[in-house]
Structures are given as C-alpha cells and as structure tokens.
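Read through the structures below before going on.
Same chain, two partners: chain A is paired with chain B first, then with chain C.
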Partner chain A sequence: MDDLLAGFAAAFRLIVTLDAELIEITLLSLRVTLTAVAIACLIGLPLGAWLAVRRFRFRRTVIATLNALIGLPPVVVGLVVYLMLSRSGPFGVLDLLFTPTAMIVAQVVIVTPLVASIAHQAMRELWAEYHDLLISMGASRWQRMATLILDGRRALLTAALAGFGRAIGEVGAIMIVGGNIDGATRVLTTAIALETGRGDFALALGLGIVLIALALIVSGASHWAMRTERHGRW
Partner chain B sequence: MVSLLPLRLEGAALVRRGRTLVGPIDLDLPAGDVTAVIGPNGSGKTSLLRMMHGLQPARGRIRWSVPEAEARQRQAFVFQRPIVLRRSVAANLAYPLRLRGVPREEARARADEQARRFDLTTLLTQPAPSLSGGELQRLALARALITEPELLFADEPCAALDGRATRAVETHLARAASRTTLVLATHDMGQARRIATRVIFLLHGRVHETGPADAFFSDPQTEAARAFLRGDIVE
Partner chain C sequence: MILALLLMLLTTLPASAETLRMAVTTSFDASGLADILLPEIAAETGIDVQLLVVGTGQALRLGEAGDVDAVLVHSRAAEESFVAQGHATHRREIMYNDFVLIGPVSDPAEIADAPDAATALARIAAAGTPFVSRGDDSGTHKAELRLWNAAELSPEGGWYRPVGAGMGAALNTAVAMGAYVLSDRATWLNFGNRDDMTILFEGDPALFNQYAYLPVAPDRHPHVPHDRALRLEDWLTGPRGQALIDGYTIAGERLFTANATPREARP
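Then we have the complex of A and B:
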C-alpha cells in the first residue's frame, strides 16, 4: 500500500517537475512505438484489404499463418532480430543492434500480424457488403481496396490502436535488441523492469503510471478524432 | 462509339452444386427496349439479371458487342436490396464518377444536379445507410443513372415502395428509357404493363414465354402465362 502511494507521489513529482530523464524516456517510447505502428499499418492495412478482396490458392494458409503469428512470443522475436542484426548475422554490417531502429524492427514484426489480422476481419465484412456493388461498377482492384480502407477506417483505427497497445507495453523484444542503454535505448517498459529489479518500486510505479496514461491518451485522442470526423464529414 | 448491344445469351445457365438453378437460356437483348422480366418468386429473375450483367459466373456464352471490361463501364445495376457505401448521399452519388476519373469538383457538381432531379437535395449530407427504404431505392437509382449507362438492370426497384414513390421511380425510369435500354425485374404486373415494351416470362429458371408487351398482356400464348396473369398459382 505504501509502495503504491509512494508510486503515485513519485509519478506526480516526476511529471510536474518535467523530469528530464522521464521526458527523454517517454519521448523515445513514443517515437519507437508510433514509428513501428505506422510501418505496421502501412504493411498490415493494405495486406488485410488485399486478403479480403483477392481469391487465390493459398489465401486460407496465409490467413492462418497471420493469425498464428499474432501469438509469436515477443522474446523469441527479439532473439531472432538480435541474431539477424548481430555482427555475425546477415544484417550485421548495418550496425543497427542496440539502436532505436533495431527496436522498431522488432516491434514491426510483433505488431504487423495483429494489425493485418484485425484489418482483414473488418475488411472481409465490408467486402461482403460492397462486393456486388463494386464489381458491378467495374472498380479496379486498387479502387476496391482503397474504398474498403477508406470506408472501414473506424475498424482500421481499432486495428492500429490494438497494435499500439501491444507495442507500447512490450518489453521482452526491445530489451534484447535495444539493450536498455541509458540515454540511448531506454524506454518506459525497460526502465520499469530495471527499477523493479533494483528495488526502486516507487520510481517503477511512477513510470508505470506514465505508461498507462500514455496509452489512455493515445486511444482517447484517436477516438475523439474519429468522433469529430464523423460529425464533420458526413 | 460502337453500341454495347445487342447482348446475346447462348445456352447461358447458372449451375450450383450440380443443380441447374437457371437456364439454359438463349436470348437476344437489342438496344432500345424496356424489357420486363417477370415470373413467380424463385423463378430466376434476379439470377438472370445478374448473369446478363456478368456478376455471376455462368455456363454457356454471354456476349457483348464490345470487350467485357468496357461493357461493364457502360451499364449499371440497381439491386433488389439497395447497396450503399457508408458515406454521405453526396459521396454515394459522386462515387461512380470518381471511379471513372472525373475530377472531384465536377463529380460533386453533377451529384448535386442528380440529387435535384431525384429529390434528394435535402438528404445530400446525410449518411446513406441512415436513409429510409424508399430513399435508399431512389439513391440507388440516381447513382446508377449518373454515368448515363447505355443499359440499366433494375431488380425490383419498387419492391419496398408505396404507390407514390413507385410512380416517382417509374417516371425516372421512363425518362431514362429514352437514352437507356432497360431490363426490369418486377412482380408488379401493373408496372410491367405501364412501362415495358417487351416481356420475358420466367418459370423454373427457363424462359417460358417472351414477346412484345402488348401481345403478351392481351393474348398470352401459354397456359402458365395466362394463369400467372390471372394471379393464379403457377406450378
């Protein structure tokens, strides 16, 4: 109980004093996760739409694989990305290990299947609704996908938010490929793990509260954006 | 420009799991007619229209006088259950034009104009899915006609409408018929009499009788057609 109260006090103190380290860590968390989610959306949303409108031989296999990849343990993803990026690995020359870029790569791998799968689910329903109309109007394959993505944007936002939630709270993979280096690759989750290990529960809790607040603010903001858009655009 | 029509069906049939649902049908659809496709529920009206429009993969041959991809751009379909995009009425009207690369401003202007013609002006900014059944039908028809297709399929476009709305739709169809060949599935014999110039009477997925509307209604040749027009149950 004391730890919890101390945690809130610490969080409050850190936030009102605009603690420089906290801000740095928070900004890096946001930068890594938002970049990763943006890339995951660039891949996952069109992939989801494509899987919805195209019939091809291995479609079911691809979808099943995608769904299986959602369950991929982040630690294992971290390990594989580590091996790829390490000096002796195939991408060793890029010298990316222990950089924010490496963390972004790991998070993209973790988040893309989730985003693509949720997007596909939503696009499939919309496609069932639109199918006859779009075929009848002679929409090209690209026009079909664009229409689905545009009209399904609310569901796609949900996909992006799920991706954001998964990425911002992820610790195993980015710990391995980022190394939790102070001032370089330390983010909220790895900092929490570190402070908990050190026994500084107050600081760890403080960081945790910031993390939760961040997740809430991002999802709240995007829902708000959709609400105003709904009133404006129709 | 080469005319899209005649559309020629040779042994066209719809087969699902070994069962022939519709056909085989041999049929010529020349330019200029208003063809009413009539018949009891389940006789294959919707299937025939979908097949002619190329929405349904079919056996046999369905031939346009232009390549299929081009043919698609020059015809339109109004579905029995209206399908609208989850967008505003204005965006729905502009959509077929946007697909054809018409610039946004021009598409918008033409959508406004079409809305005026179809009495949709007050609804332009509404989300299309929130319209009433009759308004949806009107929107679907207005959207189908905005590209001025050479051929329009309308699958029971008045099924959900009251008398006044039906008249309004018929007026629009009659006006469109001066430029557009119409194929109209309907179970409303009054409507078929009012606007059709040609009739295709379907029974069990086959063309049972076909001919000019006047002749068909005044002197049907088959017993089934006579029974159907009397309102008797046709087996």
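Then we have the complex of A and C:
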C-alpha cells in the first residue's frame, strides 16, 4: 500500500516539475507508437476492407491467420526483427538496430494484424448493409472499399486505438530492438522495466501512471477529433 | 495544429556527432556508476556513450554480431575465449568489485559465520532454504556456478530457483521469497527494495569480481569506430576515469576499486 501511494506521489512530482527526462521519454514513446500505428493503419485498414469486399479462395485462411497473428508474442517479434537488423543479419548495413526506427518496425509487425482484424470485422458488417446499394450503383472495387472506410470511420478509430493500446504498453520487442539506451531509445515502458529492476517501485509506478494518463489523453483526443460519442449522437 | 504536432513527433532528433555503443552488464548500470561516468566521458572526450544494459552472455553476443562497438563485462573465461576467437582486439582490466551473499536477516541456513563462500553455499543446500539463481548465463550466474563447483555440489531441487532474469529482477524475487541470492555488491547497495534482507556473507577472495573492457575487432566488423573505442579505453584506464571509479560511494561505502593494467600491457 505504501508503494502504491509513493507511486502516485512520484507521478505527481514528475508531472508538476516537468521533469526533462520524463518529457523526453514520453515524447519518444508517442513518436514511436503513433508512427507505428499510422503505418499499421495504412496497411491494415485497406487490408481489412479488401478482405470484406473481395471473395477469393484462401480468404478464410488469410482471415484465420490474421486473427492468430494478433497473439504474436512481442518478444519473438523483437528477436526476429533484431536478427534481421543485426550487423550480422540481412539488413545490417542499414544500421537501424538500436534506433527508434527499429522500434517502429517491430511495433508495425505487432500492431498491423490487430488493426486489420478489427477493421475487417467492422467492414464486414457494413458491407452486408451496403452490398446491394453499392453493387446496384455499379461502384468499382476501389469505390466500394473507399465508401466502407469512409462510412466506417468510427469503427476504424476503434481499430486504430486498439493498435495504439497494444503498442504504447509494449515492452518485450522494443527492449530487444531498441536496447533501452538512455537518451536514444528509452521509452516509458522500458524505463518502467529498468526502475523495477533497480527496486525503485515508486518511480516505476509513477512512470506507469504517466503511461496510463497518456493513453487516456490520446483516446480522448481522437474521439474529440472524430466527433464521436457526443451528446445526442450515437 | 495537429499536423504540426505530428510533424514534430515524427522528425528524428539529430544524433550527436560521436556515439559509441557499449554493451555492459546490468551491475555496471544498476550500481549507478554509469550515471557518474557517462557525463564526464561526454565532457572530456566528446564521445556520447550509448549503453546497452544486458547480461554478460548477451553482451558478448552483441559484440560478436558487431551490434556494439565495445563490451564491458565480468567473466574472465568467456572474455578470453571471446578475444581468442578474434571478436575483440584485446581484453583490458578496468576495475573490480565483489559478490556478496544476500539473505533474510534471520539467516535460517546460518551462513554468516561460514569460513568460506563454498561452505556458505553448502549450508544453504544442506538446509534446503530457497536460493534464487540468476540462471541467465550472466557473469554473476557464471560466478555462482563456479562457487557451487568449488563446493562440489550440483544445485538442484525445489529450493534452487533459477529465475532467468537480470540482477535487479532476481533480487526482487529473492526479497519476495525470503531466499538467499548471490549479488554483486554495487547492485545491492543501490537497490531500493531490500525489505528485511541483508548481506550475510562477504570477503572471500573467491567472490572477487573483475570487470574488463573489450573493443570489438574492426577487422571482423569494419563499421565499428575502433579509434573511438580506444579513446574510451584510454579515458577509463587513465587517471580521471580511475579516480572517478574509486571515488564512487553509496552511503559511505566504496563500490568499485579501479585496477586498470598499465597502458604498455595493451598489445
């Protein structure tokens, strides 16, 4: 109980004093995760829509695989990305290991299946509703996908936010490919792991509270930007 | 406004001119010594040292792959074979500290008055009290295995608990279980969550813990900044670096003793 109270006190202290290091690692957390989620959405949303409007032979296999990939263990993703980007690996010459870019790559791999899967679920229902209309209007496949994405944007926001939630709290993969280097690749989650290892539970918990607050702010801000969940609208 | 914010988030911060990646053991960082040395290194040599804090086993693997430019670890046999295999140009001793046996204040296995470390471990095994092992192929784990070997015991059974984690996580586990654990002194002194655990056994020469610096061989990995790695070595073994290492104390206790071998010894 004392540790919990000390955690809240530490979080409060970090925030009111605008601790320079806290701001740095928070901004890096945001930068890595927002970039990864943006890329994952660019891949996952059209993929989800495409899977909804297109019928092809291995469609069920692709969807089942996608759903299974949601459970991909981040540590394994981290290890594979590490082996790819290592100087001894195929992409070693790019010198990306232990950089924020490497962390973004790992998070894109982790988040894309989740975004695509949720997007597909939402698009599928919308497609059942719009099917006859769009077909009778003679819309092309691209127009159908664009309509679904545009009209399903609130559900797609949920997909993006789920991706954000998975990425912002992720530690296993970015620890391996980022290396938790102070001032270069340290983010909120790896800092929490570090402070826990040092036995400084108060600071670790304080950082955890900052992380949760950050997730709340991002979620709230995106709902505000998309004008969802407002009074009188459903 | 949102766009500007996104752009700010997405643009990469400019990397400083001279960086050097060094894989170090968890004890070097967890002891707090890194926080003292790194700013001084940056100020005096202009090198921005980026630390990768891992176990000795993983640190050597990173050096082998060329993913770091230098390695600072503590496991002599592994280091010497690392140099022999050509992964590093040489091995340079920097400093030492020692391992201590941590356990509950009540000391159920009565190791506090043991004549040597091997006997202390034998008493823990005989009493069957929980013992937390790093179990992660780190320098500390290897030192622990050497001690069991010296005691002519192969630790196994429900009381022996390898956690496969870093020093801090192993200490947290030991505290939670009221178990004995082998730790380097520096990490323990800097550890925040001690509860009713304390140093029960120390001072045996077998607990001596030497740290050495290994610059990754540029003929294996032409991209490593070898001259920068040598400049860092010169600083660490020079008067300023050695004095700072000796001068680092926590609660009046000195954590590391600098013992760099003379420069001429470098091949």
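Just so it is clear, the second predicted complex is superposed on the first by the 227 of 234 C-alpha atoms of A that agree within 3 Å, B and C clash if a C-alpha of one lies under 4 Å from a C-alpha of the other, contacts with A are read in each partner's own complex, and residues count from 1 in each chain.
In this section, a contact is a pair of C-beta atoms (placed from the backbone, for glycine too) under 8 Å apart; a residue touches a chain by one contact, two chains touch by 3 or more.
These numbers come from a predicted model, not from an experiment.
K.L.:
Regarding the shared-chain residue A:181, is it in contact with chain B (first), chain C (second), both, or neither?
P.N.:
The second partner, chain C, only.
K.L.:
For A:123 in the superposed arrangement: first (chain B), second (chain C), both or neither?
P.N.:
In the superposition, A:123 contacts neither chain B nor chain C.
K.L.:
Counting touched residues of chain A, say whether chain B or chain C comes out ahead.
P.N.:
Greater contact footprint in residues on chain A: C.
K.L.:
For A:135, select first, second, both or neither according to whether it touches chain B, chain C, the two together, or no partner.
P.N.:
first
K.L.:
Who does A:97 touch here: chain B (first), chain C (second), both, or neither?
P.N.:
It touches chain C, and chain B stays clear.
K.L.:
Looking at the complex, which residues from chain A come into contact with chain B?
P.N.:
126, 129-130, 132-133, 135-139, 143, 147, 151, 233-234
K.L.:
With touch defined as at the start, can you tell me which chain A residues reach chain C in the complex?
P.N.:
Those residues of chain A that touch chain C are 27, 30-31, 34-35, 86-89, 92, 95, 97-98, 100, 179-184, 194, 196-201, 225.
K.L.:
Tell me, which parts of chain C touch chain A in their complex?
P.N.:
2, 6, 9-10, 12, 21, 26, 30, 38, 48, 50-53, 64-67, 166-169, 171-172, 175, 190-194, 221, 223
K.L.:
Which stretch or stretches of chain B touch chain A in the complex?
P.N.:
53, 55, 69, 72-73, 76-77, 79, 83, 85-88, 95-96, 99, 125-127
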